[in-house]
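Both complexes below contain chain A, partnered by chain B and then by chain C.
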Partner chain A sequence: MSKLLEVNHLTTQFKVDKNKIIKAVDNSSFYIDESETLAIVGESGSGKSVTALSVMQLVPNPPGRIAGGEIMFRGRDLLKLSKAEMRAVRGGQISMIFQEPMTSLNPVLTIGRQLTEAITLHMKLSRKDAEARAVELLRKVQIPDAEKRLKTYPHQLSGGMRQRVMICMALSCNPKILIADEPTTALDVTIQAQILDLIRTLRDEEKMAVMFITHDLGVVADIAHRAVVMYAGSIMEMGLKRDLFLNPLHPYTQGLLGAIPRLSTPRGQKLYTIPGIVPDLSQLPKGCPFCTRCDQCMKTCHEQKPPLRRLPDGREVRCFRVEGGEEIG
Partner chain B sequence: MLKYTIKRLLMAIPVILGIVTIVFVLMRIFSPNPAYLLLGQRASAERAAALTEHLGLNEPIWKQYVIYLKQMLTGDLGTSLFSQEPVLKEIMGRMPATIELALFSVLIGAVVGITLGVICAVHQNSWLDRICQVGGLVGVSMPRFWLGFMLMLAFAVNLKWLPASGRFNFLLRPKEITGFYILDCIITGDGPALVSTLKYMLLPGFCVAIGSIGSIMRYTRSTMLETIRQDYIRTARAKGLGERVVIIRHALKNALIPVVTVIGMELGGLFSGSVLTETVFAWPGVGKYIVDGINNSDYAVVQGGCMLVAVISVLMNLLVDLLYGTLDPRIRY
Partner chain C sequence: MADKTPMIEARHLTKHFASKSNRLGGETLIVKAVNDISFDIMASETFGLVGESGCGKSTTGRLLIKLLDPTSGSIIYKGRDIAGYSNREMRDLRKELQIIFQDPFSSLNPRMTCLDIITEPLLVHTKMSRAERTEAGYELLNYVGLPKQYALRFPHEFSGGQRQRIGIARALALKPRFIVCDEPVSALDVSVQSQVLNLIVQLQEEFDLTYLFIAHGLNVVKYISNRVGVMYLGSIVELAGSDEIYANPLHPYTQSLISAIPDTDVDNKRQRIILQGDVPSPSKLPTGCPFHTRCRECRKECKESKPELKEVSPGHQVACFLY
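So, the complex of A and B:
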């Protein structure tokens, strides 16, 4: 397998005040192989959505700005492309679905119009052929009465249906990578399972790579091959799903896994939580970003930020307690 | 939709009745007895009393009111004291002038206002945006009659580019078919008359439009700013659409829905506001007709004129609400 997308030392900043800049994503590197699913996990504000938006170059500017790094996709650095070249990538080769199906579709345009505009743009099909393709795609995402749906407006569909339409739209031009930014968070659990199933099936059929952003470890277990754990803009740990779940190395990953309620937990026992809250990005501790909440924190953790290490088996961890391997930043 | 329209029209009846009543009462209280105006100040008291009696103005006010309402229900708005012509006929003759001016200025207001509003929103906080905001505020707050005089002074008196007042040049008078001169000129294919008519319309039209441009621009800007931060705009960008398509197809169509209300209110306001502009520019429309009626204590003229202006405002508001339904698929009546 070769690397399809390689993000190196990506830093994305936001200007929050006149003289105050925060790093929503700080020097992060990761990659996605062909037809692989990479999950990016983290709490709210950990920088996972901004990472995804950075790849698409959809970070609202101002206040946001990609301050450094490179995003290599099929041999080209996306950050060096012209606006027009990037538009051809967006929606054509890399597409994205969002968290809020209720607000992510334009309320005054028909489903058909919203589906066909990307198809006519990227695949250079006529309006009629694009409509035929749209119908075919709607069938693929299991929307009944596909022809009729083309003429309906988003408010006439349920949340799950709208997310199906979003997926349909994202898949319409056979992208190489699908970025899914918490696509199931706003849906109820049964619909969530259906949508995950759908994404998995389509991924296997179309041989797409998926970058799946979520805060739900259950979803990671369900769909991912590998996962990146982010905290306060930095990558804390990366590894194969099985390794992360069975043998988490970073105290943060351990905490996240410990916080999953289990059926075996005795009645009345308090559920485990990681103490404290996510730090304000403008007031990060000097050392390890997690040091204020870590139960295994040492003196050095407060003084300097631990480097990310790549272990011999390919896992990456940012913690002073883990030794061996090579420092990679 | 038909049911909704009928309901709205029925709801308009009390509004119009209220306006008729207020105008009726105000005219009786504040306007001098028209008998003296008709006969002249030096008329003898007996003659004046006889004429007052003849005009039915000796009756108690409530009786006059009932008589007027009865008359109105039969579609008779009374007769002008001065011209001795039926008021309805006179108003209908002047209506096209007022409607034409109002449509012309609202068209300028909408086209210029929406365009500037979109540009300002897309380039928020740029120098252009700031200039437009200040300009818009000035445009909204400037008194129209004063602006009218200033425009007249600049473009008609000093520069002599445009005619100062009136609606047409006697040498290039359009042939009257519909009463809407621009339309008439187009129907008859009369090029020179069209140019001349447009020139006459430019100053009063622009004078009225400047306020509309200000309010429509400011409103478009704020709804646009709200719209371009919506999730579906991000979706549109994620599809790889060009910025122009994103702004015009995806953002503007959403942002325009509330702007339509403002345009409708402007249009309704233009019919009542035309009273001032038409007087300043001697525009032979309903507004000037009402002002002349007030000066002459011509009760029937003022009452009829105000009522028709009210009817038109109500209809414009209804039209806007119906238009809403075609713009926003979520609204169905």
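So, the complex of A and C:
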């Protein structure tokens, strides 16, 4: 499999105060292969959403700014494209769906109008052809009475249906990559299962890659091939899903997995806890961002930030406790 | 462990809300949030209530401690039916019946200090002096694992998990017997959730508390509860011990709910049951079984009459014509 998207040393900063700059994403490198699902997992403030927005170049500027790195997509660095060139990529070859389907749809325009907008723009179809395409897409995301739905407004649809419309919109131009930013967080579990199933089916049918951003490790176990674990703007660990869940190497990944009650956890058994809280990005510790909460912390961890290492089997870990492999940044 | 005397009993509890379909009048919609549910919560146990949004689980929690007045039915607490009690009659009981809310951001007054928030119940319900209340407040902070020096801070200076601890301290202030935990960890980060769950379990042992634990994540509920009730559209469709309900779910809704929970056991290959369609609106309940519109096992009788909750094996109740 060839690398479809390669993000190298991406750093995205936000100016939060006159003289204060925080790095929401700090020197992150990862890639996505064709037709694979890469999950980016992290808690609030870990930089997972900003990573997605950086790929789309939707980081609000100011206060945000992509300060360095490159985003290689099909041989081109997206960061070097002109605004017009990037517009052709965004929503065309790379498209995105968001967490809250109500706020990302325009409440005063019909579903049909919103769906055909991207189609007419990117595919240069007439309105009539665009509408036909929209109906076809609505059927693909399993919305009943597709023709009638074109004339409805977002408030007339349920949360699950709205997310289907969002997915439909994202798919309208046959993207190569679908970026899904917590698309099921606002939905109920049975509806979440429907949407995850839909994304999985569409990924296989359309042969697109999915970058799935979530805080829910259960969802990662369900949908991903590979996952990147982020903490306070840095990638802590990357690996194939099974490796990551069965043999987590980084203390943070180990802690996260231990903290979640599984269906097999006996009642009342004390859950593992990661002490403390997610640090404020403007007050990160000097060394490893996780050192203040880590139960395996050593002296060096407080002094310098461990590099990300790529192990011989392809796993990547940022921890002084893990040795071998090569430093990759 | 849980003994066999009920702490609180719900009998045919029903709550309907009236809502206008639009601002200009028109027909009045009746939202049937909770429909004729009956269950007991035993002393010292944790009773879990799960279901999707709009299934009436939070309304049920609020009805039990009379933050809402039931439309009909009774609530038996200490042998008395408190369903018809006035606010004044409830006042003494409020000390014993407390609640922890889901959102630690909107449930704390931003203009009060942490200490004022957790000692306010003492101000209202006891004749303690200020010094005594402050003393009690520090003790409460200690119980929930917050450092003393945080006492005079305001809510915005705390993280989500810490705020939830303040909410828990406030609920504990009057030494309650029964606490409704309404999705207490849903709004928290994963690494903080387990801290709060451990605290909730630990306090139960320390103070011999009885919990109604409401959540939509069945893994959290399974972990914390002795028994679990599954709600769908205002009805309890299944009720059993927490190990039993997971190992042997009977109702088709429970089966699909359990199969839909994303679990982190990657090697646990479960068969997924994906439900079709959405939950019907509680203002337009389907006839018959509330679940029949999405059920794989739906038969003719399901559309016509509503199945009653009945015991199919000791302690395992289900409302379905299949059993």
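Here, the second predicted complex is superposed on the first by the 326 of 329 C-alpha atoms of A that agree within 3 Å, B and C clash if a C-alpha of one lies under 4 Å from a C-alpha of the other, contacts with A are read in each partner's own complex, and residues count from 1 in each chain.
As a convention for this text, contacts are C-beta pairs under 8 Å (C-beta built on N, C-alpha and C of every residue); 3 or more make two chains touch, one makes a residue touch a chain.
Keep in mind that what you see is a predicted model, and the values were worked out from it rather than measured.
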{"item": "When chain B and chain C are modelled together on chain A, clash or fit", "value": "fit"}
{"item": "First (chain B), second (chain C), both or neither touched by A:221", "value": "second"}
{"item": "Which of chain B and chain C A:328 touches, first, second, both or neither", "value": "neither"}
{"item": "Touching partner for A:260 - first (chain B), second (chain C), both, neither", "value": "second"}
{"item": "Superposed model, angle subtended at chain A by chain C and chain B (C-alpha, nearest 10 degrees)", "value": "80"}
{"item": "Chain B versus chain C as contact partner of A:169, first or second or both or neither", "value": "first"}
{"item": "Winner by number of chain A residues touched, once chain B and chain C are compared", "value": "C"}
{"item": "Touching partner for A:89 - first (chain B), second (chain C), both, neither", "value": "first"}
{"item": "First, second, both or neither for A:109, with chain B first and chain C second", "value": "first"}
{"item": "Where chain B and chain C come nearest after superposition, their Cα distance in Å", "value": "7"}
{"item": "Residue ranges of chain A in contact with chain C within the complex", "value": "43-44, 158, 160-161, 188-194, 196-197, 215-219, 221-222, 241-242, 245-246, 255-265, 267-268, 270-275, 277-278, 293"}
{"item": "List of chain A residues in touch with chain B within their complex", "value": "56, 58, 87-92, 95-96, 98, 100, 103-110, 117-118, 121-122, 153, 155, 166, 169"}
{"item": "Chain B residues within the chain A interface of the complex", "value": "230-232, 234-242, 245, 249-250, 253-254, 257, 327-330"}
{"item": "Chain C to chain A touching residues, read off their complex", "value": "52-53, 159, 161-162, 189-195, 197-198, 201, 216-220, 222-226, 242-243, 246, 256-268, 272, 274-275, 278-279"}
